[in-house]
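Chains here go by letter, A, B, C and D, matching the order in which they are written, and residues are numbered from 1 within each.
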Amino acid sequence: MHDAPPFEALLSTPDALRAFGQQAVVAAMLRFEAALARAQAAVGLVPGAAAEHIAAQCDVAHFDVPQLLAASAHAGSLAIPLVQALRERVAAVDATAAAWVHHGATSQDAIDTAVALQTQVVGAALDADAQRLVAALRALAQREAHTPALARTLMQPASATTLGLKVLSWAEPIAHALQRVQAQARDAMQVQLGGAVGTLAVMGERGPTVRSALAQSLGLADAGSAWHSQRESWVALACAVGVLVGACGKMARDWSLMMQAEVGELSEPQAAGRGASSAMAHKHNPVAAMVALAAAQRVPQRVAALLACMPQEHERALGAWQAELAEWAGLWISAAGAVRALADAAPGLVVHHERLRANLEAHRGVFEIDRALAAARRTTDLALQHLEGMA
Amino acid sequence: MHDAPPFEALLSTPDALRAFGQQAVVAAMLRFEAALARAQAAVGLVPGAAAEHIAAQCDVAHFDVPQLLAASAHAGSLAIPLVQALRERVAAVDATAAAWVHHGATSQDAIDTAVALQTQVVGAALDADAQRLVAALRALAQREAHTPALARTLMQPASATTLGLKVLSWAEPIAHALQRVQAQARDAMQVQLGGAVGTLAVMGERGPTVRSALAQSLGLADAGSAWHSQRESWVALACAVGVLVGACGKMARDWSLMMQAEVGELSEPQAAGRGASSAMAHKHNPVAAMVALAAAQRVPQRVAALLACMPQEHERALGAWQAELAEWAGLWISAAGAVRALADAAPGLVVHHERLRANLEAHRGVFEIDRALAAARRTTDLALQHLEGMA
Amino acid sequence: MHDAPPFEALLSTPDALRAFGQQAVVAAMLRFEAALARAQAAVGLVPGAAAEHIAAQCDVAHFDVPQLLAASAHAGSLAIPLVQALRERVAAVDATAAAWVHHGATSQDAIDTAVALQTQVVGAALDADAQRLVAALRALAQREAHTPALARTLMQPASATTLGLKVLSWAEPIAHALQRVQAQARDAMQVQLGGAVGTLAVMGERGPTVRSALAQSLGLADAGSAWHSQRESWVALACAVGVLVGACGKMARDWSLMMQAEVGELSEPQAAGRGASSAMAHKHNPVAAMVALAAAQRVPQRVAALLACMPQEHERALGAWQAELAEWAGLWISAAGAVRALADAAPGLVVHHERLRANLEAHRGVFEIDRALAAARRTTDLALQHLEGMA
Amino acid sequence: MHDAPPFEALLSTPDALRAFGQQAVVAAMLRFEAALARAQAAVGLVPGAAAEHIAAQCDVAHFDVPQLLAASAHAGSLAIPLVQALRERVAAVDATAAAWVHHGATSQDAIDTAVALQTQVVGAALDADAQRLVAALRALAQREAHTPALARTLMQPASATTLGLKVLSWAEPIAHALQRVQAQARDAMQVQLGGAVGTLAVMGERGPTVRSALAQSLGLADAGSAWHSQRESWVALACAVGVLVGACGKMARDWSLMMQAEVGELSEPQAAGRGASSAMAHKHNPVAAMVALAAAQRVPQRVAALLACMPQEHERALGAWQAELAEWAGLWISAAGAVRALADAAPGLVVHHERLRANLEAHRGVFEIDRALAAARRTTDLALQHLEGMA
């Protein structure tokens, strides 16, 4: 088995890497094949016994995943060697059942559905982490609602604000972006089933019913058609994730600036060995900000790749679909790492009140502070109410 | 006045170029300044007479736009020379009124609001063009619902489908993507008003009321807060436009393939001088597909730039905001060109039935055609109903 | 005439915008047509008198540029209306000469060559600005070679270094990147002449001689073949510019951090109205860093677009070439702005020695300073010698 | 151990995936640590016996790679747990030697050098594959030098050319791009050694000598300085690879078009199971073109990410460096897949002469063929000579 590029491990989560790994994709494709056979059996397209023989073999533990991966590179598709291996296993038990494996489906049906199932797993973790992050920020904003802070524009001192408002200016876009991810996921997390060219030709009139039942059994949506080369809902979900990462990156950028020694307004929580240096014992690096900033630099390019892959030829693309599959996983792996790192750090974020005050007071006389602060506090209270209203 | 890069003219629309031009942005900023003064007068923040003196000067014809642009490069902001020039004009009429120009606002308030106003104009045209495009495709799909056609996967002959289903596989994602643009525009097309650091400090408690009134008078939304460095709704709109362009690019790619001489299934409509060559009299180039394909290659990078600019520092960014402004215009200019070109061509799209049939029949015996066609026709009918249901 | 997107003016130079403007491209195409006719006359392909009649009309002042641009959008190419207009003008003087206009050439020959000529202009200014920048940095490094400074890793205090070494860590990559731009420009700045499909068919055996003479008369290279859809040298030049902008962005990022009020180690030079604010009289924004950071966020996307456009179909691309033309100009316009802004600011960069010292001394006892400083000074001296050796 | 994202396996080579895998990076970091200790021993900085004790433990087989990767995510760096584990192993043998592990080095020294060593491996394979590809294309061009073929512009029939010239228009840019990769690799494949902040402070005056010896023993260049946050040579190499992939993508696009059933001018070689379909027995998909087209859509985004990561803060970046490491591997993995797939397919490329002729002859009467063909043959002969001259 090829091992994962090592520097992803630093920037993602173990569960996201696992969920988009080789073992997981084969397992998900087998879930598809089992559920397909059963959905076809339910409408009488496939003998019930054959469906159960097929489903019984759909356990990833039975398959040599590294060998399948190697074969996929030769075949040009992962489904081809997997379907063949599954047919062979089924045939060993019941020769007639083997003919019903992958009945009426095409490679892309199995693969796209599998990727949707993998994305469900990562998406659920991302959602939980993002909610944890927003909750921690909301609590922090409440705690520091009226704490005076220096506002900066174009990286220069500008006026007075509150730490609460700064925190809300991170929390609200993240919360809003998360809502968009959730809404778009309901649209995009759909089963793929079209057969060779999207017409479900082999299944005859019962095709749409099979698709609908398959979707339901896998917890995915049924868009009412195949989307082999119509990727707009799918890519729109990627965009929503991209915007969420961007919103996280905004906060991480601010953290990185406020955590500079000379500014010293915030610190990431201390944990043994977290953010240490191999050369400098005194270092305490803001690792959560680092992970989020890395994602904020990588994810826009994943989104661009997915958008650029949208002009897919005819009924299945040559190159663009395959590129999309790889970019898709990369997007979620980065996003999962960013949100997890921030969600883990946010509850323990350390506020240095004396430095916040001193950095602001250094400008007393240069600009008016008190009236600005009163306005900032009013604005903070409104923003806090607004965030409460979103929950 | 700097003239526009010439190759944008080939790939966009005159109205989009004009709407995002120098004249237009200054006009829009002046609309902001006039509406702000009046909204402030309505709540008693600014004397009514001063507001009217200000509004009276807010006509772009009074200003030397090229000189303002040149000054903006020196100042680092377009608002600074414009506000100064406006103050001078107002002062020439009424010295006390001049002090109320741009009252409590910051450069970014004027500029972001102006860009939203410019985007309204381009967005309305984009919307109309996209609707025209979908309507033309729907009519074509109805007309050719059951026309046999060759389906191709990985750019190789695969099975039978209908031309109707191909057309619907273009129309539905475009229609769906357009709905997403419309929904996101309602969210993102918002007024910007926060004052120096987003707290409306100078306007005191009446600030939120002014913002709300300003939004209403300009036909923009009021998000309830400033979004100086919180760009997620804004960038989410860019993403929606990016997905729309991607969906257009998918169709354009298929057109380009089906219009090849050896395939010959479609042609763009003939118009005198459209798609001609300077060297080859016989050429009839598919110019609409060309424009859409160009956009589909450029727009993903605009979206990536906008996403990458999201980590904006503190209360106003150094570089990322300014980069975003330029990328934003570029995104819409490309998108407008793509949708217009396709909308203009789609109603006259020429279908070559005999070639469609011959390309399919060439594979009779290689794969089964008739049952596949029956399934494709059923699928087409369902997809047609689905598209009707979206309208 | 369409006016330029206004926010480019803030981020570029007037001369780069002009050089890539509509007027300039038409002028450059006319230079191509004049030089082509004369080169063809020199080998006897075109009557000498006809060539002179043609050349006499090749003055942009004779042409209605906005009208040509508008016609280009219809035709799908700028060359088509221009060649027609030129033929008409020549015919008005000498009917037989008109037949020799654009003889044996294709649209792309005129356009690509014109763009190379425009790029020459911008490239020369970029080169001069970059050299000015390196010279200013070299002088600064010499002046501050041994000035103690705090080194920071992962945005946290790390150890001692010198300001000289920091400056050299900006200067050397910029100087190196500039050398790469220069070397690649010699390769890429080439004439385009291939006729309809790259074979110079109309010119017969004299084609290569004409191309060589044309190249020489325009100060461009002759690659020995057409490069209608072979863009690798061209895009490699864009990459070299992209790397140069990235190296500038690294310095600008450091400037922006060192210019923060709480750090206070550097300031951009003061100039009346430069970096002011419309809302805050006390502001002195680092506008040069802003322009360079904006370019460093935009230019990678231009490079990506150009790379993504490389898979150009057959003998001339549908969409990818046209997209490339527009992206190409955008790349240079951004790059020119970044380098100019930094070159203008660097000679006047203000060093705050007391803050440099204080920021370092704050860590005395946390890490060892003096031995680190001695090493840093040795390293600085070596790096200074290295930079001198590059010149 | 996290397994690799499965869809990379389809689009890359097993050796590239392995070379950039977890096992390989740890092995390469250990090579660095061993070579560093020995280079330091040679100049008397480290006791010779200690260096040998260290080197003796630098075998990846001694280490629990998955555990190190997991620890890296916590620490924020892979070097920290590895150096600690190495120290523990050395201490178990010789307590005093352990103190000399990673002496005077920083995490980035070990990691960047390791990545350069990994890149050497992949780069050598890429180089060999690219040369194989160029050789196959050269042979094909010689064989088909004068074979008539239809030239197409804007995806429409244009004029006559030769298959030889088409092949040369693929081969020459690939050969040229490969030369650029080779030249840039000599510059960029350099050792990293700077210590904590690039000044080699701990090693005193012998630091530069150690770096030079280390470089020599690892077969890497010594740039004469650390390049912790000066990434221009490194990213310039990425750009060169990006241009090579773009040149490959151009050919793959043409293959995909010429291999369409209705065009039928070329086929990829047949191999059992290569390019088959899970749903359609008759399919023979152009898998090599698919892999190259996928890379041509992904690699521009990798280059953009690397360029966008160039503005690295101060003496080591927060986020940008870590992002760069991950993007770097992704770039090479894609590039290796593209070049290998094409190099494997090119020697067996099947030319369908009758279709080439028929596609051209279909336009006899529409445009002039014979004179165009004579010119194309002359142009082919010149281009063939040119390619020979490059070798």
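Following the convention adopted for this analysis, contacts are C-beta pairs under 8 Å (C-beta built on N, C-alpha and C of every residue); 3 or more make two chains touch, one makes a residue touch a chain.
All values derive from a computational prediction rather than experimental measurement.
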(message) B-D versus B-C: which interface comes out with more C-beta contact pairs?
(response) B-C
(request) Would you mind checking which chain's C-alpha centre is most distant from the centre of chain A? (result) C
(request) Report, in whole Å, the distance between the mean C-alpha point of chain B and the mean C-alpha point of chain C. (result) 28
(message) I'd like the Å distance between the centres of chain B and chain D, where a centre is the mean of that chain's Cα atoms.
(response) 38
(message) Give me the residue numbers in chain D that touch at least two other chains, ranges are fine.
(response) 106, 152-155, 158-159, 196, 252, 256-257, 275, 277, 280, 285-286, 290, 293, 296-297, 300-301, 304-305, 308, 318
(request) State the interface residues of chain A toward chain D in the complex, per the touch definition above. (result) 1-12, 14, 17-18, 20-23, 25-26, 65, 69-80, 83, 102, 105-107, 110, 195-196, 252, 256, 271, 273-280, 285-287, 289-298, 300-302, 304-305, 308-309, 318-320, 322-323, 325-327, 329-330, 333
(request) State the interface residues of chain D toward chain B in the complex, per the touch definition above. (result) 152-159, 256-257, 259-263, 275, 277, 280, 282-286, 290, 301, 304, 308, 359, 362-363, 366-367
(request) Enumerate the contact residues on chain B facing chain A in the complex. (result) 106, 151-155, 158-161, 165-166, 169, 172-173, 176-177, 180, 195-202, 204-205, 207-208, 224-225, 228-233, 235-236, 239-240, 242-243, 245-247, 249-250, 252-254, 257, 293, 296-297, 299-301, 303-308, 310-318, 371-372, 374-376, 378-379, 382-383, 386
